[in-house]
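Next come two complexes built around subunit A: one with subunit B, the other with subunit C.
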Partner chain A sequence: MTRLRTLQGPALILSLLALLWAIVIVMLLALKPSVFGLSTMTTIIQFSTILALVSLGQAMVIMAGGAGIDLSVGGIVSLSAILTMLFLKLGLPPLLLPVACILIGVLLGLFNGILVTKLDILPLIATLGTFFIYSGLALALTGGAAQSGVPAWLLSWGRGVVLGIPVPFLTIAMPAFAFAGVVILWTAWGRWIHAMGFNERSARLVGIPVDRMRLVLYGLSGALGGAAALISVAWLGSARPNIGQNLELESLTAAMLGGIAITGGRGGVGGVFAAVILLVTLKTGLLQLNVNTVWQVGIVGALLVFVLLADRLSQHWR
Partner chain B sequence: MSAPFLVAKGIVKRFGALTALSGIDLEIRSGEVLALLGDNGAGKSTFVKILAGAHAPSDGDILVEGSPVMFSSPKDAASAGIATIFQELALSENLSISENVFLGRELKRSIFGIPFLRRQEMRKRVDGLLTELDTHISDPEAPVGSLSGGQRQAVAICRALNLNAKLVIMDEPTAALAVAETRKVLSLTRRLAERGCAVVLISHNIADVVEVADRMAVFRRGRKVAERLRAGTNPEEIVSLITGAHPDVRALEKTN
Partner chain C sequence: MRHGVFSMNGREWSLLAACAVAIFVLSVASPYFATSGNAATILRNSVELLLVGLGMTLLLAMGGIDVSVGIVMGLAAIGVGRALGADLPVPITALAGPIIGAALGLLTATVVVLGRVPAIVGTLGLLGVYRTAIFVLLGGQWLSGLPTGLTVLLGTTVLGIPIAAYVIALAYLAMWTALRRTPFGLHLLAIGNSEEKARLSGIPVVKVRFITFIVSGALTGLAATFYVANYRNVEMTIGSTLALDAIAAVVLGGTSILGGRCSLIGTVLGVLLLRILQNGLLLVGVPSLWQPVVTGGLLIGVLALEVATSRLSLSQLGWTRK
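Presenting the complex of A and B:
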């Protein structure tokens, strides 16, 4: 514990998450050693891909402050998947399917951004509203039925595995995280996001285009939701109107676990990624142990409280 | 005497039925510290906000280096060489000193349109400014949240200098500072003027003002009631001008 005390910020978060992950693995190993294998790892990463992309968008929106939050991410994923497949049926060239899916996500995200920046609606309320609109629309348009007809080439991308690692993870999630990490750490945009998240008034006084940045970040969250929708379609072989269910809660948990301050201005993307892996490992483990889903949600919540408490205590020690 | 850097002529500001400023004439010269004095609500902050581009005047003209200007935002004022150090300093405590000094106008190298930071260069520039101002801050990478009030003022002044400001407006820079820190900030203010900047200082503290200002303008109820050179006045006279007890002010107020 003494070593933990000397760590700060991202290093503390990452080592806590690694510790928790090790505990989860050891417990799983003791209770059900048979689950360990390359296929389990592939499954975990496959499930992580969608949550990772959505959590990344969520994290960026929260980091930029102004009470930023995107509760509509699940709705964006469901509706982008559904709309894309409906457009395909209406004659959209199949080759344009990936572009269309991400573009629809961007538009849905920008709509959130306009509500928040131009109409000054509190993000919590604005995105709660669009969450109902988007997920409701996804159900209404399909009557709850999955939309099939995904082209074969897309399936082979979505289900491809290289060295035990799913191809969508390698081609979309990893580059997205690498890009976001570089932007946050080494570019002026990253400084602006941290500055406006921490003290929006001063960011405006020095001339940072706060509203434009925020609009772009909601659009980005939408784009990542669209990318997650694309992966779900290419992996599952159909667009499901409920594919985004619970993503808002899980992505929020991942962002918080990953060290993003809910008030904005603090955190990086590395922690978010580690938190996603931890969450999905835990969920997969609980599934393997046949733990009731009600308990799964409770355990994830307890984990969130534990990490926030640890962060709090580490500030007290200093 | 050289031509003034900024001339304000007949500045009027009305907020609805309330007249906050009526007919302010003022000249601001380079290399000079001008103090604006006055009670709460006298109009000095409103006047400074007009100079800083935060408010537009209802009437009157502002000339910068002889040519008339219209500021519609603080950015316009900044590009005319006017930097304002607000009371709350506009610093981001979670960022480092050098990041704060360059916030909003970072030195960057664009790769595929992505603005990568040139940290080394920014660090060096800030290091130079900190030494030049003799601030005793050794590490430009220290977070601003760890600095004292006076050191934060110094960072805000570095920021203004880095913008190549020709006029620095300081709003109550010593209001929340301890005695030693106040000394430090006042000497920073002098040094700014010696560098050839015009400095406008708003303060309630007459002792501070008398020590550092070359010229003082007293505001009362939205008008400029007096202007004095430091050599030609004393703290007692200034106090009576501010409170309205001075015969000049009484005469002025009687005529209206």
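Presenting the complex of A and C:
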């Protein structure tokens, strides 16, 4: 434990998350030794793909500061999935389904971005409003019914497994995280995001196009939501109007756990990824132990409050 | 600016006009809308939102927010329902709501104020915890067919006006007095303008924020009492859109989401407009699933309009933004 104290920044967060993860695994193994096989690992990664993509967008939006937050992520996932399937029924060529899904996500995200940057509406109110608009539309347009009719080739992509790892994870989530990591660590855009989150006024003064950058990030969060919707459709074989339920809470928790400061300007994508794996392991483990799913939202919520308090306390002690 | 108990400014007059227009259009569109029975229904459905909205007005004016109010009302309603089922005396049953609400407000304040956590994220986390708590307390079953003990709150009339109306008037006057006639109100609005400056001016920021969260919780709990009296059941999904409704009504009423400016009469009119629209659209034949879409659209639309008009007036004066 003494070595932990000498660690800083991302290394500290990653080692803490690894420690927590180990604790969760050991506890699950003690309670039910048969929990972890190769198939469980596949399930965990399969479930984490959607949350990982959404959390990545959430993390980038928060990192860029300006009280940035995207409460509408769950609504974007639900509505992109539903709208795509409805368009398919209206005669959209099936080959265009993946493009349409992500494009709809981008548009929904850009709408958030316009509300925040052009109209100066506080992000939490703007995205709270769009959260209800998007998720409400997904339910109202379908009457709550799942939309089927996914083409077979998409299913074989969505349900494919290579070496125990689901294909959507390999082809979308991993590249997305790698790309985001490279952008944040080694490009000017990454510096801009950190700079505007750290001190927006200074960022504007040195000529960073803060508003345009923020608009792009909300669009990006939407694109990642659209990609998550695509994966949910390809995996489940239908578009469910409530697929994005609780994603705003879970993605926020993952971002906070992953070391993103709620005030912006601090954090990286590696921690977010580790936090997603931790969250999904916990959820899958509870499911395997036959704990009712309603406990999940409570545990995730408690974890969010705990992380926020721990973050404050750790700053206090320094 | 003078603040009378019911003094109105341009924003509030236009809200009143919007209510009138909505009533006119909906009466033309549906023969069932403009009946005395329906008017009573709208007013009865507004009771909880009025109480929760008054608390939310205080929170937003202080620069805070609470997205868990709907679920807090649910938890308080379970308490009231259990007390009702146990045949406790009516005053105790009725007070169970506000007491549970205030206790939960204290918990929220402890996390948000003492933990120095942004209110939106803190209350979102608590929302998750409370939702599980509701499930555990209800054990997967509705509380339904509760005794009629609390219907005195709705059925009894004094001078021809139901008791609920008196309670709301009392709550309104209490909030108005606290905001406009006491140091507490000044402190609250000062915190909403700038917490840092308020702290530096010696305002007991932590105390004021704590009190506001507890008051909002108590009002939400009071709403739970009326909810149980009105519907005599508590379902699993209780209060799922109440927070959005309350925030939308308060913002419609002209309270600034950035804090520092608030309008209680605006909140009352905002609640009425919202409930009139929701009721009218239902009667016109729009399925209830569309309600959150309409409410969310109204919230965004009003804010966008506000920005557009303020920018217009600024540019007319020769000012440019930023």
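Definition applied: the second predicted complex is superposed on the first by the 295 of 318 C-alpha atoms of A that agree within 3 Å, B and C clash if a C-alpha of one lies under 4 Å from a C-alpha of the other, contacts with A are read in each partner's own complex, and residues count from 1 in each chain.
Assume contacts are C-beta pairs under 8 Å (C-beta built on N, C-alpha and C of every residue); 3 or more make two chains touch, one makes a residue touch a chain.
As the structure is a computational prediction, the values presented were derived from the model and not from experiment.
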- [ ] Name the contact category of A:132: first (subunit B only), second (subunit C only), both, or neither.
- [x] second
Open item on the list: Looking only at subunit A, is it subunit B or subunit C that touches more of its residues?
Closed with: C
TODO: Classify the contacts of A:256 with the two partner chains as first (subunit B alone), second (subunit C alone), both, or neither.
DONE: second
Task: First, second, both or neither for A:57, with subunit B first and subunit C second - done: neither
Open item on the list: Which partner chains sit in contact with A:69 here, subunit B, subunit C, both or neither? Use first/second/both/neither.
Closed with: second
Open item on the list: Which partner chains sit in contact with A:294 here, subunit B, subunit C, both or neither? Use first/second/both/neither.
Closed with: second
Task: Touching partner for A:312 - first (subunit B), second (subunit C), both, neither - done: second
Open item on the list: Residues of subunit A that sit at the subunit B interface in one complex and at the subunit C interface in the other, please.
Closed with: none
TODO: State the interface residues of subunit A toward subunit B in the complex, per the touch definition above.
DONE: 182-183, 186-189, 191-192, 194-195, 198-199, 201-203, 205-208, 265-266
Task: subunit C-facing residues of subunit A, complex - done: 69, 71, 115, 119-122, 124-126, 128-133, 135-137, 139-140, 143-144, 246, 248-249, 252-253, 256, 262, 292, 294-295, 297-305, 308-309, 312
TODO: Would you pull the subunit B residues touching subunit A in the complex into a rising list?
DONE: 74-75, 78, 86, 88-95, 99, 103-106, 108, 114-117, 159
TODO: Name, in rising order, each residue of subunit C that touches subunit A in their complex.
DONE: 65, 67, 111, 115-118, 120-122, 124-133, 135-136, 241, 244, 247-248, 251, 257-258, 287, 289-293, 295-297, 299-300, 303-304, 307-308
